[in-house]
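Can you keep this structure in mind? I'll have questions shortly.
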Amino acid sequence: MNRRQVILDLKDLRTRFHIAEGTVYAVNGVSLTLHECETIAIVGESGCGKSVTMLSVMGLIPVPPGEIVSGQAFYRGRDLLALSEAEMEHIRGKELAMVFQDPMTALNPVLTIGRQISEPLRVHLNMDHATAQQRVIELLEQVGIPDPKNRMNDYPHQFSGGMRQRAMLAMALACAPSVLIADEPTTALDVTIQAQIIELVTRLRDALCMAVIWITHDLGVVAGLAERVIVMYAGLVVEEASVDELYDDPRHPYTLALLAALPRIDRRRDRRLKSIPGAPPNLLVMPHGCPFAPRCEFVFDRCRAETPPLLPVAIEHRARCWYDVVNGKPFE
Amino acid sequence: MTRYILRRLLQAIPLLFVISLVLFFLMQNMGDPIATMGGRNVTRSADRERLKRQLGLDKPIIVQYLYWLAGNDWAKADLDGDGIAETPGTRRGVLRGDFGLSLVNKKPVTQVIWERLPNTLLLMLTAEAMILIFALLIGIYSALKQYSTFDNIITTITFLFYSMPVFFFALVTMYIFAVNFKKWGLPYLPTVGMFEPTAGKTPLQVAWHMVLPTATLSFGFIAGYSRYIRSAMLEAMGQDYVRTAKAKGLPKPEIVYIHALKNAALPIVTIIALDLPFLLGGAIVTERIFGWPGMGRLFLDHVSRGDTPVVMGILMMIAVAVVIFQLIADILYAWLDPRIRYT
Amino acid sequence: MVIRQSTRLFLFVLVVVSMILAGCAQPATPAATQAPAATEAPAVTEAPSVTEAPAATEAPAERKVATFIWTQEFDTLNPYYTNMWFSSVTQQLYNCWAWDFDEANKPQPRLVTELPSVDNGGLSADGKVITMKLRDDIVWSDGTPITSEDFVFTYQMIMADRNTVASRNPYDLMEKVEGLDARTVVITFKEPYAPWVANLWRGLLPAHVLKPIFDQEGTIDTAEWNKAPTVGCGPFVFDQWESGSFTRFVANEKYWLGRPKLDEIFFRFVPDDASQIAALKAGDGDLGTFFAYSDLPELEAAGIKIINSFSGYNEGIYFNMHAEKGHPALKDVKVRQAIALAFDRQKLVDDLLLGRTKVAATDWDNTPYNDPSISPWPYDPEKAKALLDEAGWVDSNGDGVRDKDGVELVLKYGTTTREIRQDTQAVAQQQLAEVGIKLDLQSFDPDIFFASYAENGASANFSLDLIEYSDSPNFPDPDTSAWLCAEIPSDENPTGVNTSGLCDEELDALFKLQATQVDYNERVQTFNKITKMIFENVYWLGLWQDPDLFGVSSRLANVKISGVTPFFNIMEWDLAQ
Amino acid sequence: MESIAPPSKGSIANLSPDVLETPPLSLGQLTWRRFRRHKMANFGAIMLILLVLYAFGGAFVFSEAYANKTETGARLQAPSREHPFGTDTVGRDILARTIYGGQISILIGLTAMLVELVIGVTVGAISGFFGGLIDSLLMRITEAVIVIPQIFLLLVMAKYFAASIPNITILGRTFSGSVVVIILVIGVTTWPYLARIVRSQFLSIKENDFILAARATGTSTTEIIFRHILPNSIAPIIVSGTLSVASAITLEAYISFLGLGVRPPTATWGNMLEGAYNYIETAWWLWFFPGALIALIVLSINFVGDGLRDALDPHSRAI
């Protein structure tokens, strides 16, 4: 078991969106824990509820149409979901920081980079203008932006994509948060930049002893980064394991499929990449039975009738499946 | 930037030239400025002929336009009707700042306009201030409270006001607040004018007389603008950078008024800058209904008497203002939006 | 820090505001300071020293101020530069005619000792020379005596090539105007000119003010005096004119017929009829005019006295009888008679004009040249139908409209956009439809309707068949050129005013004759013949006598109104005790 | 143990996953569905249908002759059983006149919109498609029209044409020539905004790959314009056309109100207001009914236009 202190503890989080067409069941009972200085990855296809889960924790779900139906999110023992908006303002950006997918749209185009980075400093640390400026320069230096003194007066459009994401990181790290939530921060970037950013986050994590939640749809990037992986599908956690365990011994057909779709240099060349048949489920309908059943190659009757619970399948390894992929038969 | 401004201004010259030409031609068929209007003195055919000659209205239209544009002090006119042009002209033309004399009252056009401009500006700027303040308040608030009861009520009301023709609004308010309030013995608003002649032109009087016209002018615009601000704000509030700002733990006012509004302001500022010059023209209908001595009424009075110099003067003034304000809008836009640079 | 931020919060709002201020306050401020300076300057320096200061010392009690409401603003205050009703009517306040007219429209000498006549030697036997004897005590409001020089100067100004005066009538018919001495003016006409009483010296220009300007500029078109005639010769003096808002006249202390009883007359420009009515009813105005008839009962109920001032205007229909362009039916007297008989004008007057006036019988009702023996055509639709049948206009194709030789009896009936005229059109359309005449209604803005033939004016280009308006510019004289053959508008005569296009040789001769008949009785005889011809031939169909309606509040006393010069006794007007 | 909500809650549980997927809808169906959900647009549409029924259906109740029938003895009567909306200054029935006036007002709104569409779409399309010299020339003209405030231009043009067009008779009804004038004048002064919208649509659409593809296969220019680009830019044209009807009706009222509109006896809601204006105090029914009808129809059209805007917006998130 992990000996480090649990810093973030999600219990049965359920989030829905009420839109004109009905209710979108986005997150349907997610529980997970995060320890200090630990990095976990949440993996899944687009629309499986990864981002919504974390946005719910951060209190960034627009209400309405969003609604957090139930659940708790304990951060150092305090339930974030029960906090008032004002109390949350003190935690967001200071204790929990978030980096978003597209740094082009996530940065305000009409404010300078420096100003946007200095905002959390002013708000949370009550820094005066000069101190904040100084700190911004340090931060930019830290994330590897050359000539930060001048560049801090630039506007986002004057930065390249990678630099923007570095600036985003600087902004998130400004108040030295305990938890950094990175919501697919490298998706919009090309591969070399992606690697640089990952390297940067790893370095900063180690330096600051920061817990990181890395949301991604790409199992490939997870390997060198996270300690544990949580696989989500249709708003549910379907498998949870340490990185090695997951790669070596995946237990959920969805994880299997994800891995099969992954090009791996350690596999035989002639093995063809497999795509997952079908489409992700329509979350306008409350899933009944196993949500992956329509696309699952091992599906049998029980899958359609009952939703499987998240069952322990090995040490610190749990999967949500009625089928024992190791033995090739349903569980008893 | 300077080059950009210069280029834009140079581009405007042919535009203004074409506008003035078209308007001038249009105006020639607008009625006879010499036609009698229930006159008490005889305007016999001899007088009509003489006046046409004296005012240069007997000249071909292109010559009239040329005189209007470039003056006629380099040409000679036949004033006594003997067929020989011997009197040198006195007009210097628009190009040299001479807009001519009003055919109605023989005053210089510039003076005629200057006399009315302050009144119009007083009314319109007050209205514009009201429009801005209320439109911002309503627009932002209803954007923040999207789909709330307040938002729904405001949306319905703004549509009502937006759709209501100005004169109908004016008549209804006049009927209620001026006519019926008086009938019911309540404190009532004045119907027309800028002040009570007995009370004199005191600031209080003018303010009191401005209530209804300002309200009439404002409501439609408040409705329109606030709809616009609402949607601009809604769009801005839905942007990723607002979520980022929220994720940073910024307090709500700062998110709304800096991160969202500064972006939403871009199109709003443009619209306002483009609308402003039209204020110079006053509001024809409002000024007529409330008897406000401004540019709109001036225009109406002089159009109805075929007073080409004054009508041209007013229209060209507005055209120039529009061109300048369009430029200002563009520069302002560039100033507000760092992504745009003009070269 | 936070304050810094919040100032920048509304930066863009401030930008907008500063834009407004920078862009607009700039021109507004100089205008606000300049404009009054331009108009007030003479008033401040001259008017108070003459009028207000003594008034303030002599009568510290309340100033007697009367407020008049005008629905149109003056164009100019120079009497020779305007044709406009409101401007012309106001001239009796600040300017002076050689003689003006009382409520019976009889001339009253003002600048002259007596009206020139053959008996007193003022009028030569051939009617060409008029000698005027000026009073000794007449002075301009600044104290300068009024002399024959002012008359000669006025004549010169009217005739000057570079002055765009509204009308030269009848000055261009004169041979010369001379000042025999300071008190004697001699006018010599080229031909005998009968209507001189009505048309001569409708206003006087101060030579001592305007001559220097004329000498310098070559024109008085742009003279400040035209807008601010601070030197005048009426019972009141101009004080202030704020464009679009008001004009103020104050008592002329130097008026030779005695200082007026009122201290100040304030004209308020209210462009809107409803507001005028409201202001009068509320007591915010003491005098108003140009009412809709339907407002009269209410005004009277509010204690406003309505004065019907007949000023020679008779609303009527001119028939387009142009030789080529007229509708064939209208050339037949029977059709014109039928129209007269089919249109119940008495009911029109009773209902739409609330019976406040009468059906006009002739174009000269209410002038001294009227023939009282003529009364309007009666309403007799049956007879009208009979006449139309007789004339060969029958409904042969059963479409409800009479026709003859394939021509439908459809007449284009045009007038101005004035409400009462449009209403009349609607009523006429219905009544004439009952006898099988179809009317196509059209209405025009006055400046388009009255524009000349050259400007394609609707009343002058013979595109209409029935043309409705009223006109009486020479009142109380009946002289009119609208019936002369020579005035038929055409390409050769693009400014002609004969809207009927009628050329009746006999009528033409009579009109030419009357214009030279200086003897009143002879002229009346000629006019009676003219009137009879027009009436019997229905060359013109009278609708109603169109009086000027004045509403006078009970606050005002001694109010008399003349049809020619409504404010002829304005100096006697007073506030009721 | 975690559990999903009990099955009973998912009443659609029996549906197969295929059914659960949103069925593909055509643009028309999609628009109609979105429009149906827009409450105010529905209200507007219903109101509009009622108003059109009022104006055109009312003609079966009252004849035009009745609407123009003067009864000078019964002038300025307040609303009564006989004349539910009262009578006007010459005793005409206001109810009947609002019916016939409504026809003309609606006619003006629709035809002025057509004139605007024809000019605006043509100019915008040519300008956007061909670009270059033609574009800058057309855009200068467009600017020239925009630079003068519309109401000023309207007044000047209304006066310009006022004297020149005679009455016309269509289908046995005589229309004042001024109706044609007003339609033309409104159409001719309102097109620049539409032209700009269409131009920008064309500019962005013509850069799309499918246009390149069409060109590559040798599709003719006319076909590209009419088959490919125009249908794709139809949404903003429809919305702006709808709103133009409302603004044309208002503009007609403005011009009439300022005394330069449609001439009597042809009634429009606008010119009925003009004369009524002097009776604000004495005969409120003269201005109230036509004024309220104008406000109502403009409101309805604006609601419908707003609904259409939302329904036709491809970026709209609502399904």
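For reference, chains read A, B, C and D in written order, and residue numbers begin at 1 within each chain.
Basically, a contact is a pair of C-beta atoms (placed from the backbone, for glycine too) under 8 Å apart; a residue touches a chain by one contact, two chains touch by 3 or more.
From a predicted model like this one, the values you see are computed outputs, not experimental measurements.
Based on mean C-alpha positions, which chain is nearest the centroid of every protein C-alpha shown?
Central by C-alpha mean position: chain B.
Could you tell me which pair, C-D or B-D, is linked by more C-beta pairs in contact?
Contact tally favours B-D.
So what's the Cα centroid distance for subunit A and subunit C, whole Å?
The computed centroid separation for subunit A versus subunit C comes out at 87 Å.
Indicate the whole-number Å distance between the mean C-alpha point of subunit A and the mean C-alpha point of subunit D.
50
Based only on mean CA positions, could you tell me how far subunit B sits from subunit D in angstrom?
One centre to the other, that is 25 Å.
Taking the mean of the C-alpha atoms as each chain's centre, how many Å separate subunit C from subunit D?
44
Can you list every residue of subunit C that touches 2 or more other chains, as numbers and ranges?
272, 274, 278, 445, 448, 451, 456-457
Please output the residue numbers of subunit D that touch at least 2 other chains, ranges allowed.
Residues 159, 163-164, 259, 277, 280-281 of subunit D each touch two or more of the other chains.
Indicate the residues of subunit B shared as contacts by at least two other chains.
In subunit B, residues 29-31, 179, 254, 258, 262, 288-289, 304, 336 touch at least two other chains, as defined above.
Going by the contact rule set out above, which residues of subunit D touch subunit B in the complex?
Against subunit B, the touching part of subunit D is residues 40, 140-141, 143-144, 146-149, 151-152, 155-157, 159-160, 163-164, 246, 250, 253-254, 257-259, 273, 277, 280-281, 284, 287, 291-292, 294-295, 298-299, 301-303, 306.
Under the touch definition given earlier, write down the residues of subunit B that touch subunit A in their complex.
For this pair, the touching residues of subunit B are 147, 239-241, 243-252, 254, 258-259, 262-263, 266, 336-339.
Inside the complex, what are the residues of subunit C that reach subunit B?
So the residues of subunit C touching subunit B come out as 5, 8-10, 12-13, 15-17, 19-20, 23-24, 27-28, 31-32, 34-35, 38, 65, 67, 73-76, 81-85, 88-89, 161-162, 164, 166-169, 172, 199, 202, 221-222, 226-227, 242-246, 266, 268-272, 274-275, 278-279, 282, 284, 445-452, 454-457, 471, 473-475, 481, 487, 493, 495-497.
Mind listing the subunit A positions that touch subunit B in their complex?
Against subunit B, the touching part of subunit A is residues 58, 60, 64, 85, 88-94, 97-98, 100, 102, 105-111, 116, 119-120, 123-124, 155, 157, 168, 171-172.
Going by the contact rule at the top, pick out the subunit B residues touching subunit C in the complex.
29-52, 54-55, 79-80, 87, 101, 104-108, 111-112, 114-119, 121-122, 125, 128-129, 132, 136, 178-179, 182, 191-194, 196-198, 201, 254, 257-258, 261-262, 265, 268-269, 272-273, 276, 288-289, 291-294, 297-298, 301, 304-306, 325, 328, 332, 336
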